[in-house]
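Some notes on the structure that comes next.
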Amino acid sequence: MFYYIIDLLGTIAFTISGVMVAMNKRLDPFGIFIIGFVTALGGGTIRDVLLGIKPVTWLINSTYMYVVMGTVLFAVIFRDKLKYFNKSLFLFDTIGIGLYTVVGLEKGVAAGLHPIMCIALGTVSACFGGVLRDILCNEIPVIFRRKEIYATVCILGGVTYFILKFFSIESNIAFAIPIIVVIVVRLLAVKYGLKLPSVYKDEVDDV
Amino acid sequence: MFYYIIDLLGTIAFTISGVMVAMNKRLDPFGIFIIGFVTALGGGTIRDVLLGIKPVTWLINSTYMYVVMGTVLFAVIFRDKLKYFNKSLFLFDTIGIGLYTVVGLEKGVAAGLHPIMCIALGTVSACFGGVLRDILCNEIPVIFRRKEIYATVCILGGVTYFILKFFSIESNIAFAIPIIVVIVVRLLAVKYGLKLPSVYKDEVDDV
Amino acid sequence: MFYYIIDLLGTIAFTISGVMVAMNKRLDPFGIFIIGFVTALGGGTIRDVLLGIKPVTWLINSTYMYVVMGTVLFAVIFRDKLKYFNKSLFLFDTIGIGLYTVVGLEKGVAAGLHPIMCIALGTVSACFGGVLRDILCNEIPVIFRRKEIYATVCILGGVTYFILKFFSIESNIAFAIPIIVVIVVRLLAVKYGLKLPSVYKDEVDDV
């Protein structure tokens, strides 16, 4: 139950992030819907395709489609008001990447994969919806540029998950703690402006 | 038989649309072929991958490959003459999206999916070849911008299909009518310049 | 054994090509890693997804992930020195596309596909990592533009493979010869500046 509420909030936050990018690009209603959809469900779709889960999750569970449809409608109608929700949306988004990471991890574990591959799948689940969004909008994916720690917190959440598993921590806790790690680290990173170190010598640190 | 002729005409029209975009971008012969191929078969490929149909259809049925090869050759040789076929190509393209929509719908039904998912698969089959074409050519997909009703007619065709199915209409008719709906609505939409309503307040209606 | 060494060298060369493009675009460390990864393993991933091999190869065989990780680290640290390796890298890359082509061919044969489809899969394996790299970096894929014969040598390698198979040549030889054909033809093509013929009348031949 709690799981479903988090999943729902994450889907809503991801969809809205897609809608906002699509409206900046002045796409038409169909384009806005597709970008919202792809942002919310694209990461999980890539994960399912890589794993060979068939058909992909959202084709079987209609709830996702309805949530995306409702959210797109809401976001388009209240687009002028969305800025007042910025903080809530950021929080939902952060909770969302935490949850999506762990869902991806567990699908990898269920398929009997090596921990590194599970962490890769968790990161793909959480981050590649945004990558698809940016490709469809003809931008270099924002998570590949040096704005903010994003994928790194997913990897950190994944490492936490396997440390807990190694010590045979009970599965509910091993599920919850990594999500909390993702959320806390990302909130701290944004608050204190933490970024990955630059690999470019001529780059000043506040760029 | 009739089905195969329509399928063939759709594949040809889609391939030519890809070739024309690729030549505008001044791609080399290999690039032109790939863009033609992807435009014609990319939508169905995404549909098959989402459904987990393996391997994807065109790997098994060589006809598609031959048709695309022949069409690319034809389109490159007669590129200066293609403008005389503009109307025929538009018609083939319209017949093609009608057919591809219904083929996608029926694959969804065969997989036991919810009608909304079937309509999504129909729309993906018909429209996402063009989306891949535009991504490979480094453009925002044209169907996401407010040019013309395109995906909307596929959705409309899908709704028609399920209305007919609900009233237990015979399957040949349930197959043919939605295709006709797609064709007629699209022709009317182009003739009368119908578009989706804009969601942007500052947009004048003839933009 | 020999096979693994070639595979390793190919993966390294492809990863480095990805890292160099990513650093030209000034991506952050995570972006550099993803582009390196996708360049090296993206073609094989698309091949596996089209064939419905599940899960995709790199999820099961962790070696690829470690090689990419190590190579990215190496390439970032020694980025100023990479130009001294240009010739070796070009050679590894050429060996890599030869090998990837034949691996793709053999997976197609194992799936019982038509020779044309096997050649298509070989070409996809060898070339579409680079296509994904360019899409993620917001460029029109370089192999679609008229720079150099690249995909064409893969197709040539594929044709050679099936000619040898037709004459029931022993499988080790049928494996090795096409790789050598790809390598030799590509080296000659680069040395003598061979390109596909242009389809554009107004294009002078040295563009």
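As written, the chain order gives the labels A, B and C, with residue 1 at the start of each chain.
We take it that contacts are C-beta pairs under 8 Å (C-beta built on N, C-alpha and C of every residue); 3 or more make two chains touch, one makes a residue touch a chain.
If you're wondering where the values come from, they're calculated on a predicted model, not measured in any experiment.
Chains touching both chain A and chain B: C. For the touching copies chain B and chain C, the fraction of interface residue numbers used by both falls below half; the interface is of the different-residue type. Distance between chain centres (mean CA atoms), chain B to chain C: 30 Å. Contact with two or more other chains is made by residues 49, 52, 135, 138 of chain A. Contact residues of chain A toward chain B in the complex are 22-23, 25-32, 34-35, 45, 49, 52-56, 58-60, 62, 65, 76, 79, 135-138. Within the complex, the chain A residues that touch chain C are 49-52, 108, 111, 113-114, 116-117, 120-121, 131, 135, 138-141, 143-146, 150-152, 195-200, 203.
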